[in-house]
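The structure under discussion appears below in the form of structure tokens.
The first chain written gets the first letter, and so on, giving A, B, C and D; residue counts start at 1 in each chain.
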């Protein structure tokens, strides 16, 4: 059981990294990776929301959609769940911890349309995970997301000072850089 | 007892080239026909002239009065006639009001010049006053008024005085020769400082590459209570105030703080010598030892020159140039200031005049930073010069500040070691200027 | 006396260190390994290295001409990259493999980000990862030292991993130290590599922080997690059998892609060691040195950020009694 | 005439992939084969047209406050429809693309057109705009996947096009190849734009580097 969870964790963080091998959540990856601080804020928000999403969508899918034969409503149901979850989290944080809200506030709305969050919900449905495995997968995926995002932000802070060829400034060099990271992540293949 | 050699972390080992002058006794340079005495030779407010054009002045006569506490007066270094009071080029690169005096070659002493009595009979305030009136400012280069250093605020309890005889700058040997030839006076100066501060512990710190100076100073301090000669490793910037204090006492001057914050006062050997002269003979600071050196000088020398002597006269006295001179520097090669002309006077803070041949000073090709980390390894302040410089060059001074740009002491180790020949110190200095300018604006 | 004096900012005195000389030193340090490779694998190894270097230098030159940038091939860094790319391919590959690898290393990894000093992963290792992912068969066909081309052998690590046919025998340690074993052109002879590394250390081009912590970590990890229980691992085989020596001394120490802080360099070495061990012991590849260095390259900016040395005078002020 | 402008806008001038750089996840994920690229592009076009036309038709009666939920529901509905259609008629393709078909719902191209165009313009303009954007997206996917499939597999739509001696660059069909191809292609188009701008003697327009903050969503 524990080994199994460990395997899911390692797989979701490294081997099937959301950003670098599954291509989920690329927009924040390129958009919010210019500074380590903002990348860290975004990462914490994503870890929070994705783990909760994994738990709630699992419950909704297995205790509402499947029993009533409503699987075809998955996409609509999940997107509604995520949107309300983000709203809810935003409200709770605002009430309980204004400092945390200050730090995460601007990232939370962006997460609604982050396909990594919906992606983890849909992936959990496709795999025969039990509840704990689904949550661990959600957590691991978001940690993998955070790891790639934050290290990439460190790299981009340096690239901001580099004399990059004109035509490659901005997105092109950012994408090529991501390609090199993805190349390095190939090293984890076969680990699980 | 094995002799301990003290040092700090970081630093570099440049070619010292001290053998050009370190065995040459101090030579008294004939008094020039004309001296130019700037009214600002120290850190702090410039002086008000006390004389008019046409006045006759005597050697040692006060010709500029200090304005404010952080300031010292200036004195005439010759006897003769005031020819002009006008802005003249100063070693700092600016034009500064200066008194031009034509020498009458008589060296008539001013009446005020007489011995001030023995140390036992003087009080702390007497000593500080003598030092101030003698116009003594730090002779290591920064030229901070010495009496100010000796008057720390009451909440700073000073318990240690260090006489800086490290002389870590390559080429320079003026302090070295002073220690070899005038050790007694230096010890006397140290005792005066101790008394002025009411402190018991005095150290004279010398790099081990000057064994004759260590020997001379040890002989002079024998039997003196609370005064000790300590050996420092030969490494640049061993003589940097913060590095020196760390090496000798193990204390770290806090970021943005002063030596007095850790209970230490540091004075240069030249300063101690001048204090001794001011007390023993009553002579104000009108001359100093300057090392004229460099591969492009025909006969390098250690010269005792009058303040206000033109560099041109000094070079001529040393036989002129040897080959093609490329760079003229006042001070040492690591922190000195490059000058574009010889038409400037030696001032209280001029420790050396260095002339490097043109083949040693060709600008080298600057290449992109490879992040080799050599600058991080050598920085005596534990900074990351490459990043401060990079942000500075990108006009991102806020980030440069986060990387502690203001802690840089501009010692030049990073630029020295950089294999890509990047302008590290230059750009960090720029960052410091911008950060301070911004702070002033906000204040 | 009307001389023209040059006026610049201090210091007016520069050390003898020059980046082109440093890179030349690296080239010199790689030559013993090249000689060893040529002895064990034949002239083909030398030929592939020459092709690789030529491709690297040519690529840099052409790109700089096209982009109207300053030509920087005189800093020897392209030569180093070219040599390292060749050192990272088996001696049996087609001639165009190192050429394509060098092109990738220079064009994509280095020039896309502004040239020397601005690449954030090691160009030669990225090229190796690229080649390994693209042409896995060519890149894992090993030659028997001294034998005719195409006779396949196994690297000691592959034998340890059990991915090769049964019956392959582990060579003895001395053979491995000298380098008469299967492997890439430049990685097999620990002896030759160590001679080069000693030269670099003597010339102060590198320091021991990264290589030592890297090698020790791999040694300890592979010793602890042995195939027959804890503390039984054949760690010497792990140290000598793959690209560890080459990677630790010549590639993990690459200036732009390794941390600049002393503590950061140790962390880099330990991190590389852990990842190498994990990939070798539990991963899909018998060899993990190149991937581990690439992965640590990724976090190098973060390591620098969080291991900033304590600035002089920023610790709590000691109160003076 | 106006419709032609709407139609061509998305094809090149505001091409969602190469010029606006939005909707990256599917662009990177499915372009390892041309067939996948075409299928993904057309599926997205379908959802884009369907949902924006509805949104445009309802634009006058949609209350400002709940317009986002309405957009989302309408996009989700069409995404579900296309997923079910593909499941029924193109099962093998669907099995490959399943996850990314579902994720059309959060593709920021659609939300951007819904918010930026459909909610302010008449139905017919919206139709042509969405058609142009959808085809522009499809075109981009085809270009990227063509490069990747030919180099990485030696084939185009599964048919071998490279000589036998060609040894495919496997990396191109692996994840790193996606990033590298897209990055280099955008760089290439930037360069072309800069060159043609120079040639036209027109005022040197800056090579397109869209403000990245515009792309934070999605």
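Note that a residue touches a chain if its C-beta (ideal position, glycine included) is under 8 Å from a C-beta of that chain, and two chains touch if they have at least 3 such contacts.
Quick caveat, the model's predicted, so the values are computed rather than measured.
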Q) If you tally contacting C-beta pairs, which pair wins, A-B or A-D? A) A-D
Q. Distance from the CA centroid of chain A to that of chain B, rounded to the nearest Å?
A. 60
Q: Can you check how far apart chain A and chain D are, centre to centre, with Cα atoms defining each centre and the answer in Å?
A: 22
**Q.** Separation of mean Cα positions, chain D and chain C [Å, integer]
**A.** 40
Q) In whole angstrom, how far does the Cα centroid of chain A sit from the Cα centroid of chain C? A) 33
Q: Identify all positions of chain C at which a residue touches two or more other chains, and write them in rising order.
A: 108, 114-115, 118, 130, 133
Q | Shared-contact residues (touching 2 or more other chains) in chain B | A | 368
Q: Two or more other chains in contact with one residue: find those residues in chain D.
A: 171, 174, 176, 180
Q) Which chain pairs here would you call touching? A) A-B, A-C, A-D, B-C, C-D
Q: Mind listing the chain A positions that touch chain B in their complex?
A: 160-161, 163
Q.
If we count contacts the way the header does, which residues on chain D are in touch with chain A in the complex?
A. 21-22, 24-26, 28-29, 69, 72-73, 76-77, 79-80, 83-84, 98-99, 102-103, 105-108, 111, 171, 174-180, 182-184, 186-188, 190-191, 194, 207, 209-210, 212-213, 215-218
Q: Going by the contact rule at the top, pick out the chain D residues touching chain C in the complex.
A: 167-172, 174, 176, 180
Q.
Give the list of chain B residues in touch with chain A in this complex.
A. 368, 390-391, 394
Q | Footprint of chain A on chain C - complex, ascending | A | 67, 108-109, 111-115, 118, 120-121, 126, 129-130, 133, 275, 278-279, 282-285, 288, 290-292, 294-295, 297-302, 305
